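One structure, as structure tokens, below. Some questions next.
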Amino acid sequence: MASPHPESPAGRLAPPLRLQSKPLRQPQPEPSLGEILRRNGVSRRGFLKFCAATATLMALPPSMVPAIAAALETARRPSVIWLSFQECTGCTESLTRSVSPTVENLILDTISLDYHHTLQAAAGEAAEHAREEAMNANQGQYILVVDGSLPGPDANPGYSTIAGISNYEMLMDTVKGAAAVVAVGTCAAFGGLPKADPNPSGAVAVQDLVKDKPVINVSGCPPLPMVITGVLAQFLTFGKLPELDEYRRPLAFFGQAIHDRCYRRPFYDKGLFAESFDDKGAKAGWCLYRLGCKGPMAYNACATMKWNSGASWPIESGAPCLGCSEPNFWDAGGFYDALSVPPGRPGEALLTAGALGAALGAAAGALGRRKVKTAGLAHQAVTADQLEQQL
Amino acid sequence: MTDAVLSPGADSVATGDTVPPAAPRVARPADQPAARRTAQPAPATRAGNFSLQRGLQALREEMDAPVAAFFSSCVHCGLCATACPFFVETGDPKYTPIYKLEPMRILWERELTLWGRLKAAVGLGKQVTDEMLAEWEPLLYDSCTMCGRCSMVCPVGNDIQYMIRKAREGQVASGHAPEGLIAASVRAVRTGSPMGLKWKTLDVQIKHVETATGLTVPIDQQGADYLVLLSSMEIINFPEYLEAITKIFAHAGVSWTLSEQCFEATNAGVQIGSKDIAATLVQRVVDAAERLDVKHVISPECGHAYTAIRWEGPNAIKRAYPFQVFHIIEVLDQLRAEGRIKTQGKETDRLSMHDPCNLARKSGVIQQQRDLMDLIADDFVDLKEHGRLQWCCGAGGGVSSNERAAALKMAAFKRKKAQIEAVEPDRMVTMCATCRTQLEEGLEELTMDIPVVGLTELIADHLVMPEPPPAAEEARS
Amino acid sequence: MIASLEMTSMDFLMWTKGPLFQLALTVFALGMLVRLMEIFMLGREHNYALPRGSAVAGGLRTLYRRFYTDAGTFKSAPFDVVVGTLWHIGFIVALLLFIPHVELIKATFGIAWPALPNPVVDAITVITLLGLLAALVHRLLHPVKRFLSTHEDYVIWAVTFLPVLTGYLAYHRIINPYPLALGLHILTAEIFLVVLPFTKLTHIFTAWVARYYNGATFGRKGVQS
Amino acid sequence: MTSLGDIPVTVIGPATTLNFGNALPVLSEVRQALARLMETGEPAQIDLGAMPFGPGDEERLMQLLGSGEVTATVDALGSTRIRETAFGGVWIVEYLNADEQRVGLHLEIDEVPRMLRPQPGDLADALAAIDARLAEA
């Protein structure tokens, strides 16, 4: 089957990686996105606007809007199954945290969210039934979204079950027919809080278990809602996996460090730092590095996309970035310790080792001194007679 | 392990025996002879019972906290080379001062650092061999006057000359000291003078001085304030000195004496690097001073004699003196300050001065000679680098007694010559017989017509002499 | 088995910041204290000679007096003096007055001091890097230095150069991702710490001891060394 | 609770007077885009949502851009407000959703903003519609 949408400029921008299965289109009746919108009375200008917003959503430059429009015109709605495991629902909250319908919602309306046990009305066996139905109806086509980590195959499955099914079993069962897996949130992507030391539930990340399907990590605790929908929009629009970083995160959103896009960066460069949360520097909006900002090592889109419909974001609110989009961020040292500060108490190690070294050195030094003294005691005086024998 | 390492036998691990990596960590004494035969062509013990073993033992004795700190700190920056006349004038990197201590450093690292001991335990790390000590002999003796200039410029603060002095102990004990210095040491112990000079010779000079001055040279005066020592080189080359101090002390009314028992101030033991020989020679001075019950001992115009008696002597005999030691220049300056020296007239030619290393840098006598010059010189100009940073004449530290070093000695002198040329003096003044001899010989060899004079004589030349000197009259009767 | 075996840059950073840093500090403290104790335990013989000046005062003065180079030495080795001083100061300034380092020291030792603005440290770092490169070239070309130099001299050059270089690269975010850059910087600093007690890098600490002894010996004789 | 606005929160401190220095670089980007438009006729869009603006930066930029003669509103899928800046050819395009919340803020450097032009297909549709109207008449 030929590629259903022509090679667009977006195709050049998008990565070579493609879904292993057939593109996210179904051979028959499903109407295309353009048709759906037009049926809903959306004009061409409205569609253009939708595309412009989608470009923003996908962190693509506005010049990509025509390409997006061309792609969306023919795109068809994919089926999405959403599994929630050891999570706090924060990711779902983030996704739905819109005061009123937005373009994100439009995207969500466009996808067919067939199973999301937090959002759906059905419960128990009926819900599971819905999942199985969706799986059967879209074998090899659906996108599996996971939020939350899950107890690994060797861990006690009792830590997290749904309808008596262990998370592990449900994931492995559902992933079989999926076209791709989107791990939403740091828990699903990297294990997150459940996996933090000492990891009582034996939590693992989705990518630790799913090896034969493409996995996209949308990390963050929670991720930006626009990033979640942006990744789905990318699927929807281009039918391709986005280009990923070493943690399988879409580069479009995770390609730059918070530090590199932070509006307070000029203060870092000038060496102007807030040193407490209420000092002069804090009030003047100076850099929060010394208050523990992990911006330099955190890769996320908060600095540009911001939160709460663009109202603000942590650093703008005066809080240092926690680096929540990074693996193991819970164990990466104190949230309010500067990035250069190591976890643990190295000072104690230093003191202990120093004391030990002093003792060892004293012993070694005593040996050396004894050697010198012994040599002194064994001293054979040099005499003129002895010297004369050399002449 | 402690005992094994400390026993003389086990020490052979670090004595140049090549221990094969597979061999047990501690070589048993029984294993040694065979090992030594194969690894060491040099005889285990040479004449006088000197051996590598004994040399290393002597080096071990010399290890102390400063040595360890110095070796720990050297970063091979090579700045000490720029301070050394032997390197500067030859350009040969092997004359870099710190390099002259390599055997000592190897021994220190191997035996007195945990890291070195661990390396030695697994058969790694260098060892000091007899060949090495033989190879280093010229570096430690011929190309070093222990002038201490390197100790002044080392950025990490290494006192290199302090260690050279120590390293020479190992050379002597291993039988790797220069013949000239051995001979001088033997003569000094046997005859009381490194040049084999006897009291007889001095007595002739004393008579000569008395005739020339009409003054008496006091000998063995019990209870005199000052015991005056001389150096053989002065007695032979510069008899003017004795005449000069006889005049000056008479002029200033100083109570002084010579000792027939001990007139020699120099100490070949310090130069060759044997604290035993040094102690023997110092003890003679101390005995003479104590017998005559003097309050002070005056070291003559000789640099090393002063450091030997003033600084090293008490440590060689392991006790403080009941008297104080001064260099003649210190005494003269003291007299000047007290107004006891009256001079008339001034030298009008351009005079410059060579500070002996031992007097200036190594003993802190720097301003005194300049104050004295003010007294008698109109046109005095200092060499550019003088005092604590002066350049050595190239003959000290035993180099002048070491015939083998003659060529190097002259090479090193070129630095001094360049310094002198820069200020173009008519005459040079100094206050050390060795320096003076070197300056005279060097300037003559380089065909520079610049006479060298001793400061004491120069002062004596300008004394306002009362006629007749009452002190001398009394002494004569 | 489940956790991916390949190390991500974040794992690398956490490894270098955590266990490896502890290890490096331990080896450093242990090794350095051994070295210092070995020195001090050897002691000095009692000096019977009547002093002319104060040994203690002389020793203390030499601690700082050796920072000044006499005119003659400067004239014969201007490169050593200028470049050596420059990169030493640069290294120390970057080490002690860069804000992230001050924060690290504060967290480790509980003491802190004012830091320099980042651009200043940045410029100083560039000077330090250039100085170190020049020092290496000089070591390779200068007859005395080349003659004296052992493998160890080149090893400690590299061990000193790398933390400065990786620090510069990390600050300018030239290596990506950042956790890798920072991890590399920390790793090279740890190598520096571990190597320090076993090489002549000990001079960082022992030079003060050496200067004191030198100054004390001369000071006792009334000479300012 | 009826809306967020009912929560009695007051902002203390003149946050908007802060200047984080991000406005001028954008203006210089606009300048380059305008020059390109003149030379090659190539339009440009700048997504201000992708700018790392601090509080006050946007206001500062708007101040710098000023306002021109033209304002327009497009009513499609919520309204879109288009405003000419003091610089001809430089347009501020603010996309709002049905609840008047901003979903995007672009600068367009073009003779006429894209949203104001008839879209591809619109002319054909219009022609057909007029034809139909004529046929009816």
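Lettered A, B, C and D in written order, each chain numbered from 1.
Here is the rule we use: a contact is a pair of C-beta atoms (placed from the backbone, for glycine too) under 8 Å apart; a residue touches a chain by one contact, two chains touch by 3 or more.
Note that this is a predicted model, so its numbers are computed, not measured.
*Asks:* Using the mean of all protein Cα atoms as the middle point, what chain has its own Cα mean nearest that point?
*Replies:* C
*Asks:* From subunit C, which chain is the farthest off, judged by mean CA positions?
*Replies:* For subunit C, the chain whose C-alpha mean is farthest off is D.
*Asks:* Averaged over CA atoms, how far is the centre of subunit B from the centre of subunit D? Could you give it in whole Å?
*Replies:* 91
*Asks:* Rounded to the nearest whole Å, what is the centre-to-centre distance of subunit A and subunit C, using the mean of the C-alpha atoms as each centre?
*Replies:* A distance of 39 Å separates the two centres.
*Asks:* So, what's the distance in Å between the C-alpha centres of subunit C and subunit B?
*Replies:* Once rounded, the distance between the two centres reads 37 Å.
*Asks:* Report the inter-centroid distance (CA atoms only) between subunit C and subunit D in whole Å.
*Replies:* Those two chain centres are 56 Å apart.
*Asks:* Can you list the subunit A residues in contact with two or more other chains?
*Replies:* Each of 360-361, 364, 368, 372 in subunit A touches at least two other chains.
*Asks:* Give the residues of subunit C that touch two or more other chains, as numbers and ranges in rising order.
*Replies:* In subunit C, residues 34-35, 38-43 touch at least two other chains, as defined above.
*Asks:* Looking at which chains touch which, would you call it a line, ring, star, complete or other?
*Replies:* other
*Asks:* List the residues on subunit A that touch subunit B in their complex, please.
*Replies:* The contact residues of subunit A facing subunit B are 360-361, 364, 367-368, 370-372, 374-376, 378-391.
*Asks:* Looking at the complex, which residues from subunit A come into contact with subunit D?
*Replies:* 42-50, 52-53, 55-56, 59, 61-63, 65, 99-103, 261-266, 283-285, 303-305, 309-310, 312, 316
*Asks:* What does subunit C use to touch subunit B in their complex?
*Replies:* Touch list, subunit C to subunit B: 34-35, 38-50, 52-53, 62, 66, 69-73, 76-77, 80, 84, 142-150, 153, 156, 197-198, 200, 202-203, 206-215, 217-218, 221-225.
*Asks:* Residues of subunit C touching subunit A in their complex?
*Replies:* Interface residues on subunit C, with respect to subunit A: 1-4, 8-11, 13-14, 17-18, 21-22, 25-43, 99-101, 103-104, 106-110, 115-120, 173, 177-179, 182.
*Asks:* Under the definition above, what is the set of subunit A residues touching subunit C in their complex?
*Replies:* 152-154, 204, 207-209, 245-247, 257, 259-260, 268-273, 289-290, 296-297, 299, 326-328, 331-333, 337-344, 346-347, 349-358, 360-362, 364-366, 368-369, 372
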